[in-house]
Amino acid sequence: MAVDLQVRLGSLVLKNPVLTASGTFGYGVEYAGYFDVSRLGGIVTKTITLEPREGNPMPRTAETFAGMLNSIGLANVGADCFIKEKLLPLEPLDTAVMVNIAGSSPDEYEKVALKVAAHERVDALEVNISCPNVNKGGLAFGTDPEITREVVRRVRETTVKPLIVKLTPNVTDITAIAQAAVEGGADALSLINTVLGMAVDIETRRPLLARHVGGLSGPAIKPIALAKLYQTVRAVSVPLIGIGGIMTWQDALEFIIVGATAVQAGTLHFVDPCGAVKIIEGIKTYCDEKGIGDLSSIRGSMEDGGA
Amino acid sequence: MKQHRMRLIEQNQPAPGIMRMIFKAPDLARNSRPGQFVQIRVTDTFDPLLRRPFSIHRTHSNGTIEILYRIVGRGTRLMSRTRPGVRLDGMGPLGNPFQTEGNFSTALVVAGGMGSAPAFMLIDTLLKTGKSIHFFWGVRCDDEFFHLEWLRSSGVELHLACERGDTGHQGLITDILEPMMNRYPDSKGFVCGPKPMLEKMQRMIRTFPIPWEVSLEEKMACGVGVCMGCAVRVGQKIQMVCSDGPVFDLREVDFGS
Amino acid sequence: MAVDLQVRLGSLVLKNPVLTASGTFGYGVEYAGYFDVSRLGGIVTKTITLEPREGNPMPRTAETFAGMLNSIGLANVGADCFIKEKLLPLEPLDTAVMVNIAGSSPDEYEKVALKVAAHERVDALEVNISCPNVNKGGLAFGTDPEITREVVRRVRETTVKPLIVKLTPNVTDITAIAQAAVEGGADALSLINTVLGMAVDIETRRPLLARHVGGLSGPAIKPIALAKLYQTVRAVSVPLIGIGGIMTWQDALEFIIVGATAVQAGTLHFVDPCGAVKIIEGIKTYCDEKGIGDLSSIRGSMEDGGA
Amino acid sequence: MKQHRMRLIEQNQPAPGIMRMIFKAPDLARNSRPGQFVQIRVTDTFDPLLRRPFSIHRTHSNGTIEILYRIVGRGTRLMSRTRPGVRLDGMGPLGNPFQTEGNFSTALVVAGGMGSAPAFMLIDTLLKTGKSIHFFWGVRCDDEFFHLEWLRSSGVELHLACERGDTGHQGLITDILEPMMNRYPDSKGFVCGPKPMLEKMQRMIRTFPIPWEVSLEEKMACGVGVCMGCAVRVGQKIQMVCSDGPVFDLREVDFGS
């Protein structure tokens, strides 16, 4: 008996729980030469904003130990161009398409959501209130429960499609933000976005990122992501999508055991472009070997005490 | 554009601090063009995490490819300790090649420092087109030159410069290039090297209207155009070095400063 | 001209800026067989509490990518035993001794400070309001500006010796806590303590730490520590001690360039017991090669723009 | 208790999944005693980060030491790929040794699984004292036995058990030990092995009042008693396996469950 990897995020059924994280998989087809993208549970696009954005000054990335910093600054083609040019290549793909959106005001979130959600190839919206790399919106919104509730409420009014709200780890109490997002109408939460970080070149005495601080991702942050998920699982009852340093199927299973319904891999793609498929295969094998017929039987099954 | 398990056949040191790796990677060797690059994963563990981009230095009909690299940091240091037999994971060929076809009779190939890495495959390719080739090669110290005999015997016109040492002009390669450029009106230029040299070249060629292609370097994460990490302004537009480049029109590049 | 590595933390002069982080260097003499501890700028002891503590259930440590989790739970011999047994071996050492203290109430902080600060071998106190591994006190105190101010004020009243307050990164805004600590009377701040993290064994489906979550340390958190330092430098004017993932002299210099007066190395000792001495040597060579005569000329000297 | 740059001389595989490393490390070889361990840094990079603890398997008068390890995870996998000539950074000898001196005539050495690693150095040492030695060795599959000829020829009385295979008793080593224990009243016991075996041993020896030493394992960070990570309750007190142990009085250990 092979395991059924199907999972549900609100009204959306995914064929498996492995998604790509926003900003690390382009507009969904750039890795098509490396593997069959239709094998994924879903893809999450780069964040789309109302107007096109060039992004932050260079340099925008830096490697750190078992991690990387980025300060891309939501560089994207803008909602109109996205709808006109980027959705078409996704038509033939047999996988869920989730569009990540952001704005610099609740109003802008609403506007971009209205534009994007209307398109039938869009299966769900992921609302990014957690980007550390922009001055307005982004992280500032995601650290305040009131604004979080307001932004989510506004986006909620634009669509009946599943609404995922993406949370930042850069807060004292992630559960307060999680609850606010659910109150605003989120069908699911995804966490974590990147952790605020920095690196310095000691020869030039300049920060490695032009914008000084950026977002840390990769294996380094996996323990942080798991702890935030662990806290959030106990605070809300909507499905959660685990993100942060997932590089292997073992990593993905850690998140599922703690309570994630699905996972997103980001930095992984840069290290191993076919890594997401290996995660799907690995989860399958694990379940088959252990006689697990359905992921729900291990989701949130973590027991007490040390390993 | 694929992932390859490249078997390291040989690693040697053509010049102090500079290593050459020869891999068996038939697919990659067959499909690579000069100016393209490969993103190499230097370890199975997650430190260092990201792949390292290297120009394809040469390819051979026996299915081998070469890269030439300077040991500058943690990744290249690890690479320099890799022994023959080991397989490294390489993604490539990535990026867009130099355009070696066209109605020009002379190719001016200008390389500074590690710019010699892509220059050799470029020269290999140009040699097949029968164009005459002038190779302007500048280094810091003249022990960084290699393959000079082979270049000469292949009919490449060599112009060498070094800041320290006795070989060629004592100074920058642009010093010798500048007064000579106008001799070759029916030519096309190809440049690769450190940013200050490229900026200087951009100023120099203002009044010399042949086409000039440049290969740029930026820090990279993905190497395939998804992370938006390697942005550069070219002709008013933001372009990604990895997927829109690394080869651009030298005149259009905005070096920022 | 050799560089003068001397730095000041309030009234305390350190011969160099390299200290050991609390909980990673025992009571100061355990590594004596590996190198001459007197070469250090100073040592910070394991956290001392009023009563002895056995610590949390096992397992208490787990390795993560470029990092480790710990949930030691402030295991220590207690203030009385510390004073009676652990200070004596430190007498002959030519290095500053800083005692890290914690309590489960402002009252307890005051009591342990009173006991410890009185001893003449104690050069400074480091007040730990940021331990993620205890239920009362610790992290909970360090996330609240009011309690932070109160705890520091109470400890301040017990001594004129330099008072360092150790901050947690697990907050939305570290500058609010930093300011509160300074208002309470801190002479210096040290940051960061560990980042809340977690790991799971997918075979047993149990957390790797018996207490589920713990504190992440090591190279993985260095970018986070630098970003928190960067924020704090701009918010307060007392000397700052940078902590988090410092493994090499290059790492230490990053913190100094961002604005740290001194640094502490923690997890480093487990990886390379002589690592702290190598940091001191490395800083010296760097300064000598660059003609830097005094660390203050590079402290906080970070310029704008990308490297 | 020092840091050593141990040069790997040889690595081989005495049994499936089990590796033996032989290092040149004269200081360490000279100063190590049975039951002590060494903390090995498996890479120069920071992943894997922490050192790995291994019992000293054997030492030799030519300045070499051996460790014996099972490939179980990322660290040991990396180690198994390390080639002769490489130097690994080892801290040791750490911890307190077995007490092989004393007024007993017979030593009962009981090893389960990788417990054989410290057992061999213990046996080497006991052989020099002239005591008679009974070695009770249990493994999962009989291809994990090695050096049996040498043990027999050295005069060690062998008692073997395996869960799968044809050598010795088919089952647990405690099965054969239990009925035999009382035959050696003037003896001392030494145990190392997996936790379930140690718990069983603790119950078994209640009625058999000879001294029993046990070597424990716990996850370690520092290995020298500073991090308080490897706590175990022994005789009502919290003790650190690395610095108070790893050898303890078996009767006093609180196995928790």
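Letters A, B, C and D mark the chains in the order given here, with residues in each chain numbered from 1 onward.
Assume contacts are C-beta pairs under 8 Å (C-beta built on N, C-alpha and C of every residue); 3 or more make two chains touch, one makes a residue touch a chain.
None of these values were measured; they are calculated from a predicted model.
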Chain pair with more C-beta contacts, A-B versus B-C:
A-B
Could you please state the distance in Å, as a whole number, between where the Cα atoms of subunit B are centred and where those of subunit C are centred?
46
What is the distance in Å between the mean C-alpha positions of subunit B and subunit D?
54
Counting only Cα atoms for the centres, state how far subunit A is from subunit C in Å.
33
State, to the nearest whole Å, the distance from the C-alpha centre of subunit A to the C-alpha centre of subunit B.
36
Multi-chain contact sites of subunit D, meaning residues that touch two or more partners
46-48
Note: subunit A residues in touch with at least two other chains are 58-59, 64-67, 218-219
What topology does the chain touch graph have (line, ring, star, complete, other)?
complete
Touching subunit B in the complex, subunit C uses residues 65-66, 219
Okay, in this complex, where on subunit C does subunit D touch?
23-26, 30-31, 33-34, 46, 54-55, 58-68, 70, 72, 75, 218-219, 247, 267, 269-274
Note: in the complex, subunit B contacts subunit C through residues 46-47
Residue positions on subunit B within touch of subunit A in the complex are 1-3, 41, 46-51, 89, 91, 218-232, 238, 243, 256
For the complex, give me every residue of subunit C touching subunit A.
57-59, 64-67, 69, 143, 170-172, 195-210, 212-213, 216, 219-224, 226-228, 230, 245, 250, 253-254, 257-258, 286, 298, 301-307
